[in-house]
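What follows is a set of notes on a single structure, which appears directly below.
Lettered A, B, C and D in written order, each chain numbered from 1.
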Amino acid sequence: MKISAIITLKKDVLDPQGKVIHKTLDGMGFKDVNGVRQGKYFEIDVNENDPTKARGLVEDMCKKLLTNLVIENYKIIETQ
Amino acid sequence: MLVNEKVAIEHGLKAEEYRKICDLLKRVPNITELGIFSAMWNEHCSYKSSRLHLKKLHTKGKKVIQGPGENAGVIDIEDGDAIVFKIESHNHPSFIEPYQGAATGVGGIMRDVFTMGARPIANLNSIHFGSPQNKKTKNLLRGVVHGIGGYGNCMGVPTIGGQTSFDSSYNGNILVNAMTLGLVKKNKIFYSKAAGLNKPVIYVGSKTGRDGIHGASMASANFDEKIEEKKPTVQVGDPFTEKLLLEACLELMSGDSIIAIQDMGAAGLTSSSIEMASKGNLGIEINLNKVPCRETKMTPYEIMLSESQERMLIVLENGKEDLAKKIFDKWNLDFAVIGKTTNSKNIELFFNEKQIANIPINILVEKSPMYDRKWKKSKLPKKNRFKKNIFSNLKIKDVLKKIISNPNICSKEWIWQQYDHTVMGDTIQKPGGDSGVIRVHGTDKAVAATVDSSAVYCWAHPLTGGKQVVAESWRNLISVGATPIAITNCLNFGSPENEDNMGEFVECVEGISEASKYLNFPVVSGNVSFYNQTKEMGIKPTPSIGGVGLIKNYKKMMTMDFKDIDNLVLIIGKTEGHLDQSLFARIILDEKNGPPPEVNLFNEKNNGISLLDLIEKDLIKSAHDISLGGILTALTKMCIKGNKGIKLNKPKNLINGFSYFFAEDQGRYIIEIEPKKLKEVNKILDKNSVHHEEIGVIIKNDMIIDEKTKVTIDELKSYNTNWLRNFMN
Amino acid sequence: MKSSVITFPGSNCDRDMDVALKKFGFNNKMVWHDDIELPKSDLVVLPGGFSYGDYLRCGSMASKSKIMQSVINFAKSGGLVMGICNGFQILVESGLVPGVLLRNKYLEFICKNVFVKINNKDNPYFKNLNKEVFELHIAHNEGNYFCTRDQLKEIEDNNQIAIYYCNDNGETKEISNPNGSINNIAGIFNKEKNVLGMMPHPERMIDQSLSGEDGSIFFKNLINNIK
Amino acid sequence: MKISAIITLKKDVLDPQGKVIHKTLDGMGFKDVNGVRQGKYFEIDVNENDPTKARGLVEDMCKKLLTNLVIENYKIIETQ
């Protein structure tokens, strides 16, 4: 089954990309934006049909490789 | 799917081309075969509109090891070393997806070079954008620069030079031309000509996906409103895989397993397999079930036409499969034996145990269409007569500031600082000079490279323009002390079906040919990109010329920065005051008509060779050619780079100051010499009948133009460097 | 003196580092990332480049490669490990030095000469140098050093900052900061000072025809310190 | 309110990062992975409290800036 993970920068970590996008949006006329944060998204197809086990697997991957816990958080968001 | 004329036309073939296919095959092709024909017979692969004229290029010379016709050209740089180089366009994809378009352009040209056994040692690029006022320009420029850097930096190949221009004729069709130089031992060059029967045909690199199907056809299609529909044909580049592919190929090439090798570029597996077989006068058999695929259920049609990047096709010696596989396994790349060479002289494709295509190769290659397109000769425009009074309210300082901050003159540091130009540890002249220079690792030799184009001149008079670009390339090499050896060319034009555009093409080629013959500066490789236009409007004719030269002792390399106070500054070559088509005429006088400056090939050669002689004799401290923007622009750049000023002499010329300072007469250089060397320099130049004059002396901090006009170098520098940075921020 | 340079898939300054080390007298060996054992070395170098294409996070995947376990053990036992540019990113990802390297503040790859000031000479890398300010070359997209406040305090308390970006006079102001690094940090040590990670490339400055020669001073001093 | 957008590569488009991450996970012992696709994630804080309007705004940003529809798709996934 497919499991998705979202990885975002922790609050106090500077997000230069988000900032530039915010500025650009503003320049394009999107004046109602308070802030933009950019993160990563992963869709992982695992050979495991038990949702809990599958999530557990992906969580493990997040901890061991996908996330740098010094600056990032992860969230498993969705199971199909 | 049933094949008929309508389907053929949807594939970009003309009705008569389709009939020719049926006649030659004596039957109706199936859909896979039609796909193969459409790829092989389109402009990009078959050169059907340009072939006739490209034959006129001057391609021979003592230093030429391989001229046009292979993956890249090869020249001799002595001691058993050779340089492999080529330039290629990736215009249309870069307009649609600037990052990926530019990145895969760089990836493609590097593959062309390492296919021949050469390790890439330098990249250059020539990029052209619409006017800065155009809404799209900024994002396109940013995307393209990030894409070029993203790919080249990751590969670990320094980007040592390039050229960037802005002109509204590129508003709807930008140009991205990428050039690569590689170094190889003369006796270890690999070619794409297959030889021998029953030799295994090997597929290596990335897997084949559905990306870029019809990419080659897109490169030959006009941009029009339907562009959205063509979108999914853009490919995503993977420089990491390409780096592995490079190392793996070079590792395999160090042995003797390879008979022939060819990268899969435009038209992917189709053109690579057909070209290899055709050159070897053989047949080829491929089992498409063996091709490593990224997606499930890919059809033979998709597999044959995919333009997935980072793939190679190799014909191996029998029995070397295991050895080769080991190397590609080590580098974590796909490896598959997908077929063999045959004596059928046909391309035969099998899928699920059935033969699904069988076409005589000579029909695809030799019988491909060739057109003698209609073209219009262009007249030399009439010279403008500028009245004295139009100069009278101009201030030279204001004019100079305006010119050096013009988008086409200003410093391109914002661009080249984003390219790793020092990796490999041999870059001895970075971008920002007349040519980039890299040492040949571990030797005293260095190779100089430059890429140039002058669309405005070509547009005003293609024949002169064609000559001029070659001459400019030659001068940029001489200015760094390199002996020019050969060029590569990327011919970016509008539609060949339009008589004016075709005329521009024909005459530019003629100009290039004439100059390269006279200067003994042959063309060894290149690429044609037609249909650079939006709706009916073609771009200005833009042949980009990539020049390569050799410096035998790199310690003699020349740079343009002024070195020492009190040194004398001389101009080599005669200033006649030609203002038509100069930057001055176009942006200050707002005069866009008139002929480009004349190119006198005798003077060009004589002046250049004389300067090389002076450099060889250690008489010169700095040198720079005079091009866009004329004498004062060139002097300004030398002052800025050297952080020195200059006090100018009163010009002895009869022409007015503006014509003197901003004319774009050809064949000129500025040189710096020590006062004690003046006599000797004069003697040599006089002996060679080279026109020369003293223009000033180097001082601290300021440019003193006359009693009343003084400007600090810091100020000039800020004008020159700020425009692009400000524009991009 | 024996050194080893690790080649990861995508490393591209491995040869340049090899050339530099040999030029200054090291007996250098190239080591493949898939090897398990490290040859006997006085110095291990993780070179610059784009290991694994810089995909995911720079250095993240290289830090999981087989050889890294040996490199970590070597470092833990006091061996000298130096990471340059991507090598620094790998050190950070494998936890050998603290902090992370984020994307450059202005989101652009930067290739140019910069000045750096040496902060701590009490270590095998910079001991005996009689020069404070060096001109070195940088070429990176992710050199923006970041760590938490607590970490920063710890790093400072342990004197772990190796070099700062500065101007030619050694002033470490924001204007000399090319990439947004916290406090202008260009390189740091581990607590024990046997592991050094830094963004600048000394191996590109070893010949007067190149961008400069301050790299030569660094290498000459380094080999003398190790002897 | 905050709206999130996920941007993924279209199905047939090569995802070099996903490919390498997959291989690395495999090397680390995660043998049960069939595939990894990487995408981008944006969290946009807009000055708009009507969820439909806010979504509409972000969708507009996706079309005009955040996504290159040549190779990518977007999905608005979540409103808080």
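Operating definition for what follows: a residue touches a chain if its C-beta (ideal position, glycine included) is under 8 Å from a C-beta of that chain, and two chains touch if they have at least 3 such contacts.
Keep in mind that this is a model prediction, so the values were computed, not measured.
Taking B-C and A-C together, the chain pair joined by more C-beta contacts is B-C.
Our note on geometry: chain B versus chain D, Cα centroid distance of 36 Å, whole angstroms. Distance between chain centres (mean CA atoms), chain A to chain C: 29 Å. Per-chain CA centroids place chain C at a distance of 34 Å from chain D.
Residue numbers of chain D whose C-beta contacts span two or more other chains: 16, 20-21, 24, 28, 38.
Among the residues of chain B, those touching two or more other chains are numbered 238, 240-241, 332. Within chain C, residues 52-53, 55-56, 61, 64 each touch two or more of the remaining chains. By the document's touch criterion, interfaces exist between A-C, A-D, B-C, B-D, C-D. Per the touch definition, chain D reaches chain C in the complex via residues 16-17, 20-21, 24, 27-28, 38. Contact residues of chain C toward chain B in the complex are 9-10, 12-13, 15-16, 19-20, 48-50, 52-55, 108-112, 137, 139, 141, 201, 203-204, 206-207, 209-211. In the complex of the two chains, the chain B residues touching chain D come out as 96-97, 100, 206, 209-211, 231-232, 234-238, 240-241, 294-295, 308-309, 332. If you check the complex, the residues on chain A that touch chain C are 12-14, 16-17, 20, 65-66, 68, 70-71. Remark: chain A residues 6-8, 18, 21, 24-25, 28, 30, 32-48, 57, 60-61, 64-66, 77 touch chain D in the complex.
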